[in-house]
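I have a structure here, written as structure tokens, and I will follow up with some questions on it.
Just so it is clear, A, B, C and D label the chains in written order, and each chain counts residues from 1 on its own.
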């Protein structure tokens, strides 16, 4: 299918359920997709950071896209991350994702290699020129250690290189600069501006975001869908209340002991533990070298779910 | 072959010559290998950062290792980088490099994903357990945004997980802590401590390094081999003079205009331009999205070579 | 006077006009204060980052507070920054500001010295214990290279150590955590949560900020006062439109050539050039070692003012 | 006195003994000065980072310089840090230190304010123009979050702005670039290149450093003086052995529990605990907001001293 231009609403970055052996757990992935579709989401983003794309092998990445595309059957647009260090490697992931049926790919700035704005622009131009589906930029400084400048995004939007932006930088001022910049350029139409900051989706929508890509929507898709609907109906205070409820639930990402594990182990471990406790996936295991949550930490995840009425 | 324990001397991180189309230029790679072997080096490190490993596809990476191993025919030990974000992806690169004949693999801390010391330890333990050849740690904070703590390296050395360290951190104090720590642990034998800091190889050898992995040795292998020989013969002042000559030559990495490109484009571009000017490789092109040097910038590389008597 | 608890509305960080010799230009400071009071602001913050507090000597800092307090005559609350590296030095600034009549002081985490959360907490506890006026925390990671954790701010609020927060971190998610955390703690009353992010004041108010401390309000106080009034009247779309107008005006901070100067030289230089062009201050000079704007760059500031109807 | 040009040998950054009330403990300071002079050091650096300059009030800073200068009576050169955020504030500290008798001042790049190389150059030029004594640059990126580029230091040396460099960056490659650059510029004479990296003083001397400013020399001045003498006598292996002994002793800086305090609390706390255990100073207290070492941690400092034969 062609992705909507712009893409609006809630587009969760889909967790990748794994078996205890670290393989993609296809039945659980299907269950998670059903859970999200039933929750009313407006699109799916596979192979993002929350999906543990950085931990999946090429074969596993391809399996995730194929499984998702086949299961969705065109019901909803499917975006796929093409996460790798540099242009030649990203080109391969993008081609693979498109061949597997993804409707668009989502691409970060180069990483590992030191980057320069001119190199970032070149990177996106080369990829868009070769890629059969639309390319969205993925701004995630915590992972790639570069912030995409708003001016660069707008230049690439104006040149038809980028079809959208997924902004996980947490910088709402810069996000707004893209939103208003897109609106001010008459030639730019259908560009999708999506926020990845799950704690301020209401604020991002209020400044003009088209949609949101919240990791926590794996756990509570209905909540984010309600938030989106409340916003669109003009009920700002209702949207804020729903967002605050989701912020409280988001506390589950900190259950992991920081002396024992990093933030990703804790956050992704908590999302998967929550999905397991809710009966959506068969096994909460995360990929290596992430450290698993302890039983006590999982119990704390359960308390968050209970507090949110999700158990 | 089994790599020496410890590995000593000069082990250049081998540049990867490319064709104008971005393919591995095998004849040029063979020429470069001959240039290095003739220069007297003691081992070869393919698929490191200077090799543009971050830019090569899996197929290209495999071709580089196979070509190098076949051409060397066991004359010298061949180390191969296995550079990727996380454990499952590194495991595939390591298996591929070992299958292609690499004598050891060189592995960084995880990147893109946020890391924690416990996760780094887990990463190396999993990889060493599964990898058929020895594993060396690659400490390169400029790329992975984490510094390997000396204590962690020593713990993994003592447990037989790591066979060595390639330190590109520039932190000679931390490097020394590993050198003296290895010596102080009676159970740790044959651990290789190699410096990647091409400007202070004499100092690293003086504090006890086993060897060096200098990118500039692509351009002037004889110089680093002389430096190593002078050091081993006890001629510290001679080693220093040779190092200072090489430091002056190293100025070529800065020929690229910082308004137009990043440091990697400039440095790797300059190494390749120098190899091209010296007649070692057929084409100085670097991988995308690196920005090419201008003719003027290449001319400045030539002046550095002439100044060093290398043209 | 006692500062309102919480302090609400627009509290500009007041620029410090200087003479060509680098002395505080008292008549211009009085003119600027009148300009702000006439603009309808709800309080004044002197000796903040926008005030070039980092560049003023102790004598100049004291002169600024005394001049402001005397001129205001209790009309509006006056907050004063007490910006220095560590507890003993901040204690002296805080005592001086309080003696000069400031109604509250605003204090960052320690800097220069490496800090630890336990040391930050200790810092604020010692200062609040000794300081005769309320203490607000100033979260400005771009200057002090530490982010104040929301949990730490809430703990210090609950213990009566802090009277408020001025958040210049740009992290609206963390800001919201303080806003909702304060509301959720029954014992915490009157705590002021203020945003320093001039591009998202509408969003910060919508998530529950008490007020804003926007540097750009020096140039256009009426704009921010309108924004605040529109928000409080429930006209969210009007507030957004006003904010977007101010965002466009904010573009003036980038007039300085990045090859020739840093971001502070450009931003503070532009604020002062705008105040000079509007006839509010006598001289646009900034403190050493900031690089002055060129005539062309000043002309571009003028175009921004004209575009906003401020000339 | 006029400082030697270049200044050579061991120039400890003198700890500032404090009373339990946080005042400068003058008798202990005199005792520490005697301890260092007796140890054979070649100069003294007061008000550096190890001196807790960032924590001392202006009055305390002046007292330290006056006390030291009066006690030394011209026996040894006295350098004084003039540590503050920007030019106008540093100018006051430099004038105060010179008036109190310091033979030279040591100045960092601006901090808190964001900096640009052009602003750093301007900063040093203004200070040197106004300061009655020579100015040395203090390169300490861990504190000021900027690295002084070697090219900038050399330009300021060639223009007679800087009389020397105290390099606490840990980057021996960049340090060497200054050493060899100074030597290559015929007009630059008497420029002092000093290392602040206490773990690699032997290596820094071998690459051409004039001297060292090691914090650990407070605890063991004789050791660093021996190291310096061994190096100058051409006994490189002897110098290395002495350095390795000092590196082992340096382990005492890590006695503090990282869950309870930051690195500065631990390191400065350990230096002072060692001086107290050795009977040099009356009280090991550190300035606020540093966290004190526990009795157990102090006991571990004692073990390091015993191991080094210093108790």
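We adopt the following convention: a contact is a pair of C-beta atoms (placed from the backbone, for glycine too) under 8 Å apart; a residue touches a chain by one contact, two chains touch by 3 or more.
To keep track of the chains, here are their UniProt names: A, B, C, D = Dihydrodipicolinate synthase family protein.
Please read these numbers as outputs of a predicted model, since none were measured by experiment.
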item: Chain located farthest away, centre of chain A as origin (C-alpha); value: D
item: Centroid spacing, where centroids are CA-atom means, of chain C and chain D in whole angstrom; value: 35
item: Gap in Å, rounded to a whole number, between the CA centres of chain D and chain A; value: 49
item: Residue numbers of chain D (touch at least two other chains); value: none
item: Overall pattern in which the protein chains touch one another (line/ring/star/complete/other); value: ring
item: Contact pairs between chains, per stated definition; value: A-B, A-C, B-D, C-D
item: Of chain A, residues touching chain C in the complex; value: 170-173, 176-177, 180, 197, 199-200, 202-203, 206-207, 236, 240, 244, 247-248
item: Chain C partner contacts - residues on chain D that touch it in the complex; value: 22, 49, 54-58, 60, 83, 85-89, 92, 110-116, 118-120, 122-123, 126, 142-145, 258, 260-265, 287-291
